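Shared chain: chain A. Partners: chain B in the first complex, chain C in the second.
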Partner chain A sequence: MTTTIPASTAAPTAAAPAEPAHDRRSERLLVWLFLVPTVGGLALFTLLPIAASFVLAFFRWDIITSPEWAGLHNFGDIASDVTVRRAFLNTIGFVIVAVALQLGIALWLAILVQSRLPSWLQSVFRSAFFFPLVLSAASVSLVMAYLFNADFGLVNSILNAVGIPDVQWLSTGSGAVAVVIFVYVWQSFGFSLLLFLGGLASIPTEVYEAAELDGAKGWSRFTKITLPLISPTLLVATVMAVIAALQIFDQPWVLTRGGPGDSTRTAVMMIYQSGFQELQFGRASAIGLVLTALILAATAAQFRLSRRYVFYQ
Partner chain B sequence: MADMSRRGFLLAVGAGVAGTVAAWPRLTAADVPGRGEDALRVAIMGTAQDAEGRKTIVAEFERRFPGIKVRVQPIQAADWSQFFAKILTMVAAGTPPDVCYVATEGVQLFADRLGEPLDRFVTRDKAVMQEYFSDVHPSLVEAAMYEGSLFQTPIDFNAANVYYNAAAYRRAGLERPADDWSTDDFLAAARKVQQADRSIRPFFWTNRLWGGIVPWLYINDTSFLTESKAPGGRWMWDTFYADDPSSAQRGGGYRWLHSNAQDPRVLESFELLRQMVADGLASSPAQGGGNELVGLFSGGRIAMTPAGGFWAQGLHDGGMKPTDFDVAYFPRWRSQRHQYGAAGNMILKTSKRKDEAWEWVKFNLSQEAMQLALPKPTTTPARRSMVNAAFYAETGPQHWQVFYDTLDRFPTSGPIPAPPQQAAVETALIKNVTAAVTGDPKKALASLDRDLTTALKT
Partner chain C sequence: MTARRPHVGTLVVLAVATVLTLGPVVWTLVRAVTPEGQGFSFSAFGDVFDQIDMVRLTLNSALVTGLIVLGQMFTAALAGYVFARLEFRGRGLLFGLVLATMMVPLQVTIVPVFMLIRGMGLSDTLLALILPAVPTAFGTFLMRQYFMTLPPELGEAASIDGAGPFRTFWSVYAPLAAPGLAVVGILAFNYHWNEFFRPLIFSISEENYTLPLGLVTLQGNLGSGSVSTVLAGVVLSMIPAVVVFVFGQRRLREGLTAGIGK
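Now for the complex of A and B:
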């Protein structure tokens, strides 16, 4: 469903009067003037650290002593480290499950909110679903740790009340993974939901009316109309959700510190541990570079797939 | 793009320049506390409130030493490795502190890279230091040494004793445990508590270096790391502890060089704890600093837990009367060796004010300064003379003598095993303890062994 704009309509209907050269220069100057703070900040706080991290990945450095050239040693070291491998596998597994749940729940709730609720109630639910996102992930995780405490937590008390015995939420691998995913999804789906609500609102009602006349209802209406028309939003939401999920740290750090064993250890956790706990900043940078490559690859793959599945109106 | 008049443009540029000038101290980090200030910088792990709490000591010190101004810098950190990383960042930024208040967990970490040996200061001020050491147990001093040198001067400590809820004990028909109670006695008491009230968890423990699995390893005469003593240190023992019968066995500080996770006794200790968890006698291994513990214990939901003198004030603040709880020694198994951790000041080798820093360190060891620093039992003072009935009169426990007597009765008691690779060691221990206690202990200990071997190589 791609509509292209004819080249003729994009062209100006009449030739614009030529601007004097000094006006163009001062306009360019003004543009740069406004860009300087953002570009400067980006260069100083994002690009420079990325470049420094790239260089540091080839050194051994503990902050106190001078960096020592290490060549590819840090990369070899992380490749042979089973904990790092496990952390990356955990992260990838987490991304697949958490992003699928996050987007699925967000889309389902967005459709429910948009189609079943009056507009004043929509804004109430929108705010309610978005609210967890503005909370600190560490605080949320701390509270969740109390709720899921196997001995004194509210969750087990409720389960006990209905005859279900205690569940070792945070001290077994599967339980800990489930809690981390739950906490992450609960806190994150609000953002995707807002994106989806925006996408759904942009679908013209005439399309649904026409579909209804043609007899499309329920599931077929969702798969044949809603999904294709919000596919650009879905792409943006997926890309953002995958990038964010690949960087998960706060929730497993506060809830489980990566345990039991390494069952909830993630890639960013390994960066933190190597750098700030073990003072191996070169190794931490190497892990960071591998994670960056993974994020770039995942994003590129999504954009490539989008050529086939995303429809622009 | 909207047009902008020349005046508007000049105003915008002017505002930008004025803003930059106003923000210059922040942009150049000139307003970082302590930077450029002619003061002795003392870093503590804590909040601005904690720094405020030291105001009286600082005021007294500055009155005694008018030429030395002290600035206490609170560093917020979740654990000692984070604190150390922040200190390192300060070193890299050119604003290192002169003195750091460090716990046993961080002693070797700091000593190995940043600490200044205090030997020459201690021997120089022998008379003053003799008074201090005569009041401080040698075990605490030995834990503050690294490779033959003293790096820290202990101000407070906490041994892992067992606190028990008096009401829970009464309901179960239990008396105060004997000083030499065994692990069998402990298990019998836990079962009685469980039978008397199913809603109570008989024993609560936190998965961390202090008070977690380690006390259970120590009483089984083992540890997850091999333990030996560094050579040297005779200068300390022969000078300040010549009359102490244990001084002949003391060395130049502890060494934890290899993994000992595959020792059968380690497995035995893990099995005991695993069984206690499986039987519902002990809580599932919880992560963290045990902040929720005071509420659970004072609310009567926990009967016993490992804790030190630091808990007396916490329980009092939590609404418990001195008779509502009490403290006993950790039970005996193959031995009754206790675990302890201490804290005190260290001077950084990057300091350009080492003599002034030593004056501060020395002043903090005086009886007067310690009384200012520890007005309430929020920890156990390293000075034996301060651990007295008056100190615990308001808070309890009744058997407060246990706190210091732990060191006297069990002179082989050992510090928290914290080599210079403490952070990696702690991570390895914590992650595998949970897996061992809730899963297959043998598999988890093999994993612990592998992780520790890797950690200790760095």
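Now for the complex of A and C:
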């Protein structure tokens, strides 16, 4: 931030040669040349669009006829639309259940992987749990749609073998919701697990040894020692998991297209449908803004709450 | 630590979790090579090529992902270097702005980006997928962090030897940035090879479909008829991702968890 300061101050010794003037000019040229693709690109493809979203949300526009001022109509419309309300409630419910499962499973398995295992076995488990992250959510959902098929799916075959009758997984509301949650958590818990493994590795072993001398074991060791010490990681993992889960789309789209009825319709699905199927771009933008507000509010709330439980060493 | 015997319960829980995690993948592989009513056979793999244009889909995916990967590595290296190494007015503000774009969810900008693409005359082209994905805030952040770990003395020495700013970047710092660039490239590959939402919106005609979109279409067209065919397609599309997993797992893990304090 010091364009006015002579270049020679960069080299403190008097003997150092002063930077030639043309070098300073070419350095300034380099700065702008190197920044333009990224800064210009982000301005064009992220900042301008977010600003445009705010404007579009107040218009009625089907892309064919010219846009028409709509005031708050789009927002009133989505607030009173049963399907949109349902989609947002579905999304919020999904986030609560899926994130709780994702973090719970990830933390439990991370603690087990970290404890008392030879390191080669640790890396085997870590790789196994990490693997689903490299697959596409669309492909995974295709596979899971077959596994949960009510007539010939492997899941029902296994249930039948232990005496449980067929479950109508994808053709009933509650079944479809359960499958979407399962598929999402199946693919996502590995990421939280990686974060937790990092957090657990930073707890000094002496802490555990001291705790053991004091008789802290099992559950009390978990709540009194592990949990407070990884609370900063827990905050990061929760914030990231909630942001990602609020944007769920691929899995319910491939598995159910939002059905049966509206039972697996999500907020992002409404953006897609309003915008790109019904050509109501103003309405799609308004839904997008509400979702963004939800993401920001959820993140802010977690940081606020974290003051009570996060313990920084 | 001294060798402590693992708890049996621990091993059982981890083994069950591993079976649940890898089970669907193994089932996919087995089912792809045992088509309906036949024993072991690779016929489903032939069927995929008959029923959808796998060559086209693969080429599209490779082109889109490849150019995004290269574009991100190149632009992130340039911007990351400038933010890490050079002083200029407004640096803090610009870098803050770059970081702020990471908070904007993709779905919120998708409508205006679609309009923009349309205005640029790029509707229903592969460029519609590539161009908006090249500028990368996260990649720039990673590269900045990486360049900051390299000693500034290298550049000072080069400039005393008479190298200009471009030469200092190109011959001194850029070659040292390879490990950081690998992380950016692997992350970009993993994300865009598997991407579904943007292709669903931007690729209108089938000749511009990418693999995930093509496979979902295949399932939709055939309904429940040919499980093995769809699964064979899934297996084929997984291969590059698995290769990256095998060779880049550590880098991928580092990248995904980068910037997050332990």
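Simple rule for what comes next: the second predicted complex is superposed on the first by the 271 of 313 C-alpha atoms of A that agree within 3 Å, B and C clash if a C-alpha of one lies under 4 Å from a C-alpha of the other, contacts with A are read in each partner's own complex, and residues count from 1 in each chain.
The rule we apply is simple: a residue touches a chain if its C-beta (ideal position, glycine included) is under 8 Å from a C-beta of that chain, and two chains touch if they have at least 3 such contacts.
These numbers come from a predicted model, not from an experiment.
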Chain C versus chain B, contacts on chain A by residue: C
First, second, both or neither for A:K224, with chain B first and chain C second: neither
Which of chain B and chain C A:S171 touches, first, second, both or neither: first
Touching partner for A:Q277 - first (chain B), second (chain C), both, neither: first
First, second, both or neither for A:T256, with chain B first and chain C second: first
Partner chain(s) touched by A:L56 [first = chain B, second = chain C, both, neither]: second
Which superposed partner A:E27 touches (first chain B, second chain C, both, neither): both
Partner chain in contact with A:A145 - chain B first, chain C second, else both or neither: both
Shared chain A surface residues [contacts with chain B and with chain C]: 26-27, 30-31, 33, 63, 145-146, 149, 151-152, 275-276
Sites on chain A touched by chain B in the complex: 26-27, 30-31, 33, 62-64, 81-83, 145-146, 149-152, 168, 170-173, 255-262, 265, 273, 275-280
Interfacial residue positions of chain B with respect to chain A in the complex: 1, 4, 9, 12-13, 81-82, 85, 88-89, 91-92, 113-114, 201, 204, 283-288, 292, 296, 301, 421, 423-424, 427, 430-432, 434-435, 437-439, 444, 447, 450-451, 454-455, 458
Chain C partner contacts - residues on chain A that touch it in the complex: 1-3, 11, 16-17, 19, 23, 26-28, 30-31, 33-35, 37-42, 44-50, 52-53, 56, 63, 105, 108-109, 112-113, 115-118, 121, 125, 127-140, 142-147, 149, 151-152, 154, 186, 190-191, 194-195, 198-199, 201-202, 205, 232-233, 236, 243, 246-247, 249-250, 253-254, 268, 271-272, 275-276, 281, 284-285, 288-289, 291-292, 295-296
Chain C residues touching chain A - in the complex, by the definition given at the top: 1, 3-7, 10, 13-14, 17-18, 20-22, 24-25, 27-28, 31, 74-76, 78-79, 81-82, 86-92, 94, 97-98, 101, 103-116, 118, 131-132, 134-137, 140, 156, 159-160, 164-166, 169, 190, 193-197, 200-201, 211-213, 215-216, 219, 224, 227, 230-231, 234, 237-238, 241-242, 244-245, 249, 252-253, 256-257, 260-262
